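What follows is a pair of complexes built around chain A, which joins chain B in one and chain C in the other.
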Partner chain A sequence: MSPVPRIILQRLALGVLTLLAVSILIFAAVNALPGDFAQAILGQSATPEAVEAIRNDLGLNEPALIRYLDWLFGILSGDFGTSYSQIKFVEFSGESAAQGGIANVYDQLVPKFKNTTYLAFVTACIAVPLALSLGILAALYRNSAYDRAVNIATLSSISSPEFFLAYILVLYLSVLGGFFDPVSNINAEMTGWERLTATMLPALTLTLVVTAHMMRMTRAAIINLLASPYIEMARLKGISPMRVIVHHALPNALAPIINVIALNLAYLITGVVVIEVVFVYPGIGLTFVDAVKNRDIPVVQACCLIFAAAYVLLNLTADILSIITNPRLRYPK
Partner chain B sequence: MTFKMNRRGVLQAGAAAGLIAAAAKTSGADSNGPKRGGTLRLGIAGANTSDSWDGRTHTDTFMIMMAYGGVFDCLTEIAADGKLQGELAESWEASADARIWTFNLRRGVTFHNGKPFGADDVIASLNLHTAEGAKSAAKPIVAPITDMKKMNDYQVQFTLAAGNADFPYLLSDARLLIYPAGQEEEAIARGIGTGLYTVERFDPGVRFVGKRVDSHYKDGRAGWFDSIEAIAINDPAARMNALMTGQVDTVNRVDFKIEALLKANPNVRIIEVTGNQHYTMPMLTNVAPFDTLEVRQALKYAVNRQEMVDKILLGHGAVGNDHPIGPANQYYAADLPQNDYDPDKARSLLRKAGMDGLKVDLSAANAAFIGAIDAAQLYQASARAAGIEINVVQEPDDGYWSNVWMKKPWCTCYWSGRATEDWMFSTAYETGVPWNDTRWENARFQSLLLEARPELDTNRRREIYTEMQAIMSSEGGTVVPMYANYVDAISTRLMHGESIGNIYQMDGSRACERWWFA
Partner chain C sequence: MNLLLVIEIFVAAGVSALLVRNAMTTNWRDAGTGTYVGFGMAGLLLLAVIHYYFKTKYFPVNPDMPEGSFFRWALQGLVIFGISGWFFREFGKAVGTEGSRRLFRSMPVTASFGVLTILAYAFVALFAGPIPLSMVVLVAVIGALISGVTLNVSGVTAMRIGYGITVVLTATCLVMYFCGGLAPYGEAEILPRANLLPGGNAATGGDPAHLLGTDQIGRDILSRLIYGARNTVGIAFITTCLAFLIGGTFGFLAATLGGWTDQVCSRIVDALMAIPQLIFALLLMTIATAWAGSNGALITLYMILIIAVLDSTRVYRLSRAVGLNIVVMDYIEAARLRGENLIYLIFREILPNATAPLLAEFGLRFCFVFLTIAALSFLGIGIQPPRADWGTMVRDLGQFINFARSSPLTAALPLMCAGAIALLTVAVNFVVDWMLHQSSGLKG
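Moving on, here comes the complex of A and B:
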């Protein structure tokens, strides 16, 4: 077996183990949350009898181990469980009734996940080329006024809280500028263009958040290489500085850059909670917040697992890509 | 129009409903009156992923506005000016003891799926609330109905366990939606009602799109928009931004902190009404020291109500008078002596009870109402002048209603109020009811409550309810420092009628029906 597929398989197996460990952590953490669905949904009307009735209906009174195993085997067979908040009809009426399909966690999360992925994709399309070019140029003109300006700008944007950046953009691009709508309520009937413009504000905010990291890494990795003998050789041959960087330094700097990009992409899936809330973007982050508020445990658990899987997969991709770009890693001694 | 009717004075309101319809029709034809057209875009707080078209579960604004105020109808309706009128019922009459009620239904009404509306639908829909295991908030309304008899296709007779003069009023509750009989499940899954708008799209907790039906019995007096698009915006800043930039035409629950900015915007208008929503601080009157009347009274004189209205509600409210009846109730006793801030009086009351000081815990969390902790601290400061030391205990929001409310001797709480006096009193202040959050028992109050319930004479009812408010105000176990206004904001392109409903937010949650574009 050639080394790359073997590494991929090994990593995948390790990824599954990681997810299993994560699933235990998620389940334990979610169960440690104070209050439960019955109390949350009943609010002021949570009499002990009503709480007990709903708990019984949902099987919340089973031992934790049994509930965990139920959940785990459910997922293994592709069943993420039933969302508590949407089976409310049955709970409140005492009848078993048609649930319209949205009670299933899987069906509920798929469209939201697509929306979040779309946002991540749009952001990546803006942020990755932007960060790479800014980083390369910063390496090229290092210590110049341009370099400092870019550093200050990106570092201050990453240091500001996300919601603050979001509100700044809303103020200038929406309230004062009138370019975009402040609420990104994308929906299935929108045309591609409407959807893109509606997604622009959250995407720009996320771009501001992730650019600094990637740009700084690009710059650092390239500058690090610029001191090596082969770059000196290239320079002595009289190649232009731009060509030295793009053709000679960049390929060797790719591994760390890809790693950072992958981490940031993972962040675009998992870290969008605040952004989605601020822009009312119907993605997985907003669903997650709602589910935590309602103590809709199956949805919370599924969201956590999706976040964990996104991290594991993107890290795996990063590792594999850096191995492929680096022959030394492809054939370990 | 010189038509004036006390909403319970005339029990045969059929004529009244007809008159209102006729009057509205003429004003609709007026060139300055309402006109059809446009899409109303709303940004509404109060949506959840758990939303559905099941009226039994409707407690938050989004679904009440879209179901009760758009897709579905009830039997009766509270008009914007607070009068009761028929919705799917045309007229009704009661037996002398207010125990047997006969409702005549509107003819020629169809559900969105084409099924004609009739008596069976009424009976089936009300039965949903008493189904085995059903946890409907409207169950207390339907449960006392011992018998529902279909007299003919357009007449239903209700027999109540005991007389209740408020019965037609109660049937206007936002949860008592009328579904097509035999198709309840489908109607709940897809949203099939008799309302002005049909469901085009519904994504729970995210968005609703509704389309005006072609013809409707409310034509000419309601339902001016061609379509409705409501998006759920729970985040206050995002909601206000959406209105300011014109992405939506109206929003509910104005964020008081940026009210000045909204007012500065020439395209936005704020509409504000005082309804029945009130904040309370219930004491368990069977626990010392709250079992002493003077202690309760001293605490009522130790709170600076106006300061709370000014600082907690930023002026968007009115001072309360320690009873739960609000300006949207019919028999609200506005001229009752007001319990005012009077530290000396509080001190002398305590001395009378043989105390020269008082130390009590007040449990507070913002789960009770936004600003509850601040309100408790204001209370603490104002009570100090009366020699009362209030220890503010900050409780977690999680599980507040299970672990603190009705458990801790004194805590913070809110009530959205009820449409009728009887309903409010019998929900939380009647002897022995499960939600009696003060455990207060008063023989006179109790006998008045039972006397008023079947009483059909308006004047007598006013006397009784005034006395009950007075008893609660001076002896009751709850401090009601303030009524919180409903504050919504609308684009200046939008018009509304002369009066704005104050039963719920957003013109009684009927903005989609009542408003129109200029």
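Moving on, here comes the complex of A and C:
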């Protein structure tokens, strides 16, 4: 077997193993909850029979191992369980099922997931070209006033909390500028353009956060290479500095840069939670935070697993891409 | 008013002079097109900024609708920060021992601004509320004891510096003891008048006694902002220390013992790191809130523990990597052959040689923890009321941003709280950036 497919298979297997470990971790954490959900929804005055009935209905009486396996195989077949906050307990509690929510976690999460992916996609489309060109420029004019100004700006942007950047953008682009709506109302009837403008503010905020990271890494990766002899050679030939960087340094810096891009997209996942809450953007992050507040365990579990899977997957992609672009990594010593 | 104008013109001229000086020292003969374009754009940008600043301030289109006030505040803040950083550096260059003066000479303005900001935050955090007299005595006694001990360890100069610092600290504490706290009101004190506008102008719905106004239930916002320094920064600091205690201990143990200890610890850490930190923290906070019920203090305590454990994974990685490099040294071998025990090995042989990277990491970790706590509080699952904290305040005051057109100061309130968080992390990052630059030997 040639090395590349073998390495990819190896990494994939490792990724699956990691996900399995993560699922165990999530399940164990959630099951450390005191009491259980049946007690919590019915309150103190619930009769033991009612509690018992709900426990039976939700399968809370089974041993932990069985429940874990149920949950795991359910996920594999696309069944993430039933949302506690939307479930209808008509026959137990006597309340009317007034809320018309979607009880199935899977159906509930799919549109949210699409929204979040769209947001990440828009962000990546803006951030990646911007970060690369800014990074190359900073490497080209390193130690100049431009480089220092960019350094200060990116450091500040990295270290600010996401909601600070978000509110500044709201202030200028929404309240004072009036370009965008401060709240992202996304619904199915929107045209592509409306949807894009509604997504713009969260996307721009995320861009600010991610671009700074990527730019600094790009600059560092290129500057690292500039000390190598072949760059010196190219420079002595009399090539312009821009050409040296774009034609000679960049191809070799590609591996670390791809890595950084993938890692930053993984970073987007964490950033997305806060940003979605600020802009009330109907994505996975907002759903997750709401579920955390309502203690809607199946939704929390599912969101957590989705985030972790995306995180592991992006890290995996970064790993594989850097091996493909850098032949030296294919043959471990 | 005229004095202000003179200062503004002075600053504008100074910044322009900096640009011109930069242009003078550039080697124009070898410069590419990019350099010309860059200088052209910088000049234009500078002109535009100065023009916009003076136009909106002295010749507003509509005097009732304050235009560009956020821009002016940001610019003024930037200039004040730059100048204060510069003065602090000059001060450090002139005062102090030879070593500290050399340190200040090597500092860029950003780093000296960072140090100054961290000191300012520490001051506000310590003296937010009134301090007891026992604390003053405690500072004096402990300072004197430590200074006395340094005489035997590091000599007379160190002892003198120690006594100097002790005297300054004790004097500060004593002054602050008689002044009472910095905050005019208590953090949870509910005052009779709610929803007062900031600015302290009675004609526009404010009150001179509440410079930043009061919130929806009548708590003084300025006091809460000041107490927020104590709560947010203090809790983040404690959490980071805890994370270093856990991560450092296990990291060094894994490095020294190797074998099974190392494998078990490392695999656990790998599993913990496979879930994004904020997501995992949120998951665990769900469980913690279920345990704690409605007990706010308990939730805060759980949050400290959860974030400390999650963050200690990064510390573990670093201290294990640093420890592994040290463990293979000959002097460790020698100490082992002498029959020294594990505790001696870790504390007397490994730790002193690992301080520099760990210290830089402490700064970065602190920023991370600080931002995580702020994010959690912002989401409503972190530090619990009635404790004042900046993340929660941003969330509570966030809606005020919609008043930016009619009352800019009101809209600035959430930005102030968020900015207070950003300022500290930026300051710490500036200092760490400079430290890493120093220790890596990169000089250009």
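Of note:
As a working rule, the second predicted complex is superposed on the first by the 285 of 333 C-alpha atoms of A that agree within 3 Å, B and C clash if a C-alpha of one lies under 4 Å from a C-alpha of the other, contacts with A are read in each partner's own complex, and residues count from 1 in each chain.
Please note the rule applied: a contact is a pair of C-beta atoms (placed from the backbone, for glycine too) under 8 Å apart; a residue touches a chain by one contact, two chains touch by 3 or more.
Since the model is a prediction, treat every value here as computed from it, not as a measurement.
Looking at the shared chain after the overlay, A:277 reaches both chain B and chain C. When the shared chain is aligned, chain B and chain C each come close enough to touch A:175. Look at A:240: by the touch rule set out above, it reaches chain C but stays clear of chain B. When the two complexes are overlaid on their common chain A, residue A:51 makes contact with chain B while staying clear of chain C.
In the superposed pair of complexes, A:304 makes contact with chain C only, with no contact to chain B. Annotation: chain A residues 33-35, 167, 170, 175, 182, 277-278 touch chain B in one complex and chain C in the other.
Only residues 19, 22, 32, 34-35, 38, 42, 70, 110, 270-272, 274-280, 282-287, 289-291, 367, 371, 374-375, 378-381, 391, 394, 398, 401-402, 404-405, 411, 414-415, 418-419, 421-422, 425-426, 428-430, 433, 444 of chain C touch chain A when the two sit together in their complex. Contact residues of chain B toward chain A in the complex are 43, 48-50, 52, 54, 56-57, 59, 128, 131-137, 185-186, 188-190, 201, 203-207, 231-235, 237-239, 241-242, 244-245, 247-248, 396, 398-399, 401-402, 405, 413, 434-435.
Every residue of chain A that touches chain B in the complex is listed here, in rising order: 33-35, 39, 41-48, 50-51, 53, 83-86, 88-89, 91-95, 97-100, 102, 108, 167, 170, 174-175, 178, 181-183, 185, 187, 189, 277-280, 282, 287, 290-291, 294, 296, 299.
Of all residues in chain A, those touching chain C in their complex are 18-19, 21-22, 25-26, 29-30, 32-35, 40, 137, 140-141, 143-146, 152, 155-156, 158-164, 167-168, 170-172, 175-176, 182, 240-242, 266, 269-270, 273-274, 277-278, 288-289, 292-293, 295, 297, 300, 303-304, 307-308, 311-312.
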